[in-house]
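Below: one structure in structure tokens.
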Amino acid sequence: MSTLLLNIPVTQYMFYFLSFVAFLCAIMVVASKNPIHSILYLIITFFAIAGHYLLLNAQFLAVVHIIVYAGAIMVLFLYVIMMMNLNEDTESHKHIYLKFAAVGSALLLLITLVAALKGAEKLTAAAPLNTNVGLIKNLGTTLFGEYLFPFEVSSILLLAAMVGAIMIGKKDIK
Amino acid sequence: MTGILLQSAIISTPIEWYILLSAALFTIGACGVMFKRNAIIIFASVELMLNAVNLLLVAFSSYHSDASAQVFVFFIMAVAAAEVAVGLAILSMIYRNVKSIDIDVLSKLRH
Amino acid sequence: MLTGLLIVIPLIAALLTFFIKGKAARVAALGFSILEFAVSVFAWYQYKTEPLSKQLYLNCTWIESIGANFSVGLDGMSLLMVLLTTFLVPLIILSSFKNEYDKPNSFYGLILLMQMALIGVFTTNDGFLFYIFWELALIPIYFICLVWGGENRARITFKFFIYTLFGSLFMLVALVFLYQHTGMYTGIKSWAINDLYQAGRSLNASQQGYVFWAVFLAFAIKMPIFPFHTWQPDTYVNAPTQGTMLLSGIMLKMGTFGMIKWLLPVVPLGVANWGSWAMLLSVIGIIYASCIAIVQTDFKRLIAYSSIAHVGLIAAGILAWNQQGIQGALIQMVSHGINVVGLFLVADILFRHTGTREISKLGGIRNVNPWFAVLFLIILLGSVALPLTNGFVGEFLLITGVYGYGAWTAAFAGLTVILGAVYMLRSYQGIMLGESNSVTAGFGTLAPSDKAVLIIVCAAIIAFGVYPQPLTDLAEPAVKNILSSTK
Amino acid sequence: MIKLIGLVPLFPLIGFIINGFFGKKMGKGLSGTIASLSIAASFVVSLLIFMDLQKMPEKSVVVNLFSWINSDTLKIPFSFLVDPLSSIFLLIITGIGFLIHIYSIGYMHHDEGFARFFTYLNLFIFFMLLLVLGNNYLIMFVGWEGVGLCSYLLIGFWFKNTEYNNAAKKAFVMNRIGDLGFLLGIILIFFTYGTITYGDVFEKAHTGSDTIMTAIALLLFVGAMGKSAQIPLYTWLPDAMAGPTPVSALIHAATMVTAGIYMIVRSNIFYSSSEVASEVVAIVGALTALMAAVIGCAQTDIKKVLAYSTVSQLGLMFLALGVGAYSTAVFHVTTHAFFKALLFLGAGSVIHAMSNEQDMRKMGGLRKALPITWLTMGIATLAISGFPLLSGFFSKDEILAHVWEENKILWIVATLTSLLTAFYMFRMFILTFHTNFRGTAEQKHHLHESPKSMTIPLIVLAILSLAGGLLGLPEAFHGNNWISGYLSPIIAHRSPSTLSHETEYMLMGIATLVFICGAYTAYNVYQKSKVLPAASEKDMRPSERFIYHKFKVDEFYNAVITRPLNGISVAFHKFVESDLIDGLVNGVGTMVKWLSGVIRQLQTGNIGFYIFSMVLGVVAIIFWSVLK
């Protein structure tokens, strides 16, 4: 492993860099008091994750991820925050014990998660690595072949969500 | 070109690192959900958690050379989008009525 | 086919009745119930000519994956219960003609729905279906009591509902447990009654004990047997009279019938080990309920307790598990159904004409309306099992059956003969005899519908008392059958 | 003719139905006529059947009507048996029944419930006939309970009076206590012999063990105790005098109360096979006879005196049964039916004349106003007291002779009873008909002899009371004791009398002496010294008051049975039911509710808390699965 690390430093460094950015920004999402900042940090996190996707050979997914999350969802978030005029930190502070408890239990979660996954049997990569899985062509065949029905169902879900959002958002419902 | 670059990425980085990263992101998300009171930030934290899972899925997908996991990521995205759309609509509705999205204020269900 | 028809007719009738507005609903309901009675009589005729006729059985695949079938059929025992149901429901509907109920269409619709569920319970040969009908019967009566009941109806009906449901859940667990043990040889699990019998008998003694108590609890609450009876008097008093009649006249028989068909043949070892405890409860219940009936002041409540006493004797007869005991139980189930409907109608008439059911406030109605007194007396005699009334045939066989179980048990169970006379005559004297007072002086004449029901009930009481052959003919072979299958 | 036995109970049934449905509309004359005619028809048929039976060699005929209850081996047909025993009872029931129907037409003439009275009376005859005609124990039981019902209805005939109603209820419930014993006896017979048909049971009787036979005999005797008013179930009979007097005559003297004797004679095989049972019967009978006679001496109500006299005579009959003199008991039933019915009807005539006054202290000197009643009642009094050569003399003497043979102590008791009987009967007779009139002037003004319809039955019964002894003329009088010979086919073990004629003459002499003593004492006290019973309770001596209150047995029962039962019932109702059992049931509900209240605190409504606990839960689950 160490030889690999020496031999191919570029991707390794990219991994470290992206991970560092993602981790830091994620913390900032939670830590910053201004909601707008939070969302902006979240966007950076998403970009970092998209970078990971690229590293992992999932190019199409990376693109979609940016379009959907950073492009659509986060804009929606910002839009709503702006609309509500929440750009300042309006929230009163939670009790300090509660914060400790939250952080504590989160750490507990982390430990258990890591422990659980560590206990899993050693993973070995599939022998011939197929670099083409992340290509549109491949994804398309899988999506419209094996997962055609769930795909259609998810479209209904989206439609329902859309209708629901409009219905809820309407000002006065008779 | 990219293929070569990325092929080496998955070989060079053991899967455990991805696991660790996703776990960390997931935990941060959970932490945010737990101690923030602003409903929108809670939403954002949930998104973070979802993305942590997505990341793990993609990592395993590459590892096993299996496209299915990436398809699942699509579905998760779809669900996340739906959730955000409805959730934010509800929040704006609540804000319109209660003038707050502080979850501690929203404890009407109790009674 | 006929059996299917018997279940479907009330269902359709109920649905149609829901859509009929106003008073026409009760006429329609009466018509439908009489039609149903006619069909059941035809089924009886069919049974007489060809007992195993295909007409009487229906078996359709229903939920194949769990081996549940829509399987219904009429043997002598079921036919007896079905005839009781179809005979009583028109009477119950007719007896309501003088009561003005809100939303009559729902009221009569629910009665018919109830009839459907009851017939289902009595005819089904499939454990899964049995449970469904069993619970289905609870729903209409719940609404009847809740919507048209007396003052405390919400609390009391809730208690009744939860209590019986609680018991039924134990039965469900036991049935599922039995189901898991079916198909030992074939490997195919099934809810068919014979498979459940086989499964039950293959269990070891302690397992059978658990199944016995779980199922017994459900039946004991439904009947009810001491000490699971406390929901019953309140419910009987608070429910509208027709609801009470349905509860005591027919629904109670679900429990006793269930014991004969769904409990004792299933777990013979459980019965052998624990039956004596159940018997003890039944016998205690007889004496206990009779004693309480003696000091009741409300006539309806008195009947409620007398009903507990009677049911205790029926249960004791069943638990004795011999020809006379079970046959007596079946006949007494029919007799008790008829008598108790008559008694509750009397209580209702008293309340309608005088505004009270307190025995101490009544008195001297005999002076005002001698015919009512005579009809009441006949029903009462049926209830205290005077020979040549229907009550005697059943009670004699029951005591004989219990004697076969144990002489002292029979002696204690037989105390009902004495105590029954005490509380019944006491109430008769309080209500009917003596000088009439301001409450009873204006009692007036009976409405034609009431009179008709009372006369039919009295005629049945005497007819079956003098010539019980039709009942025994139905019951005897069925009981022999079920006894020989457990030997 | 015998095949038409079904007609015998059918006529009263028809009479009952006609009177029941149309009695009120028909008017009194027609209603009474139909009722009496139906009994007359029955009587005629019974008589014909009786004649037929004499000619038959086998002396017993079974007539099957239909099969009644069927349950596997328990097969109970509705069938009738005609044999010497039932034929005698048929004649008594229909004959005396007919006379009393005639009498009632006059007696009840002013009553508004006239038709109802005859309805009940006809129904009673119907059930009584079923009782004696049945060919198995259950049919007997049908009649048994049926007559109990009629007794209930007739005691409470004047249903506006609470006291009468209570008496009726008491009679029914006490009878039911006996009935339960009877029923259990029947069931035991079934389980022992597999049948309850008389012929089959008696044939196999000895296959049962001694204990079982004793048990059967005792259980049946419990039934007889209730119906025939023996200790301890006798207290209902005196109270039963609340009914109209013809009812007392028919039901509570002549017929229904003798059902117990009929039943024991019918099942005599069990008693003759069981020493214990016979002894119990004899002792209970003797005690009842003596006790009732003592109480009878202190009563002032004319009907009460007769009621206790009935109880006492029934006791004598049971004493006879207990010593194995079955046919003698039937003989005494017959003669007793004659003279006791006569006494009651005579008393009824007196009461009728006295405008419903029953207290003997307010009567006296009625001889002139009521000559026929005086004469007939005089005959009956002589008969019951054992005046030589009258019916009661023979039957009672026969009983005494049999008791003498078996047990001298019981004989003394029985003789003492006879003495008391003579005393209180003459006391009653003298207080009623002789000495001075003590009633009000108005009553005196109204005094009249009863109408023909009432006096004719009196005369007929008086003749029967005079001549009834001919039925069982003892050998000592060169008679052949017809009744004993006639009944012999149905008696399993006959113990022919071994007494020499000399002893018999001696016993008769003693009986006569006893009669004279009793009668003379009464004459001395009430006629000569003109002693009157104390006018009110205060004037009585303590012992007298104690007897007047019937040894306080009613109070004793009240304290020992009725009140504890009520107490237990109230306790059950108030405490066990609502607090204990329902409390437990509701307690479960309350507990769930309380628990929910506690757990509900977790539902803070704070989303953060929910998420927090969710995370902890997830951690716990993962942790647990990892550890596993």
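Order as written gives the chain letters A, B, C and D; numbering starts at 1 within each chain.
As a convention for this text, a contact is a pair of C-beta atoms (placed from the backbone, for glycine too) under 8 Å apart; a residue touches a chain by one contact, two chains touch by 3 or more.
Just so you know, these numbers come straight off a predicted model, no measurement behind them.
Should one ask which of A-B and C-D has more C-beta pairs in contact, the pair is A-B. Centre-to-centre separation between chain B and chain C, using Cα means, comes to 61 Å.
Taking the mean of the C-alpha atoms as each chain's centre, chain A and chain B sit 5 Å apart. A separation of 37 Å divides the Cα centre of chain C from that of chain D. Centroid to centroid, with C-alpha atoms defining each point, chain A and chain D lie 100 Å apart. Across the assembly, chain A contributes 94, 98, 101-102, 105-106, 109, 113 as residues in contact with two or more other chains. Residues of chain B in contact with at least two other chains: 30, 34-35, 37. In chain C, no residue touches at least two other chains. Counting only pairs that meet the touch rule, the chains in contact are A-B, A-D, B-D, C-D.
Within the complex formed with chain C, the chain D residues making contact are 66-74, 138, 141-142, 144-146, 149, 152, 156, 159-162, 165-166, 169, 172-173, 176-177, 179-180, 183-184, 187-188, 190-191, 565-566, 568-570, 572-573, 576-577, 581-582, 584-586, 589. Taken together, the chain A residues at the contact with chain B in this complex read 1, 4-5, 8, 10-12, 14-15, 19, 22-23, 26-27, 29-30, 35, 38-39, 42, 45-46, 49, 52-59, 61, 64-65, 68-69, 72-73, 76-77, 80-81, 83-84, 86, 90-92, 94, 98-99, 101-103, 105-107, 109-110, 113-114, 117-118, 123, 125-126, 128-134, 138-139, 141-143, 146-147, 150-151, 154, 157-158, 160-162, 164-166, 168-169, 171.
Interface residues of chain D facing chain B in the complex, by the touch rule stated above, are 603-608, 611-612, 615. Listing the residues of chain A that touch chain D in their complex gives 94, 98, 101-102, 105-106, 108-109, 112-113, 115-116, 119. Interface residues of chain B facing chain D in the complex, by the touch rule stated above, are 30, 33-35, 37, 42, 103-104, 106-111.
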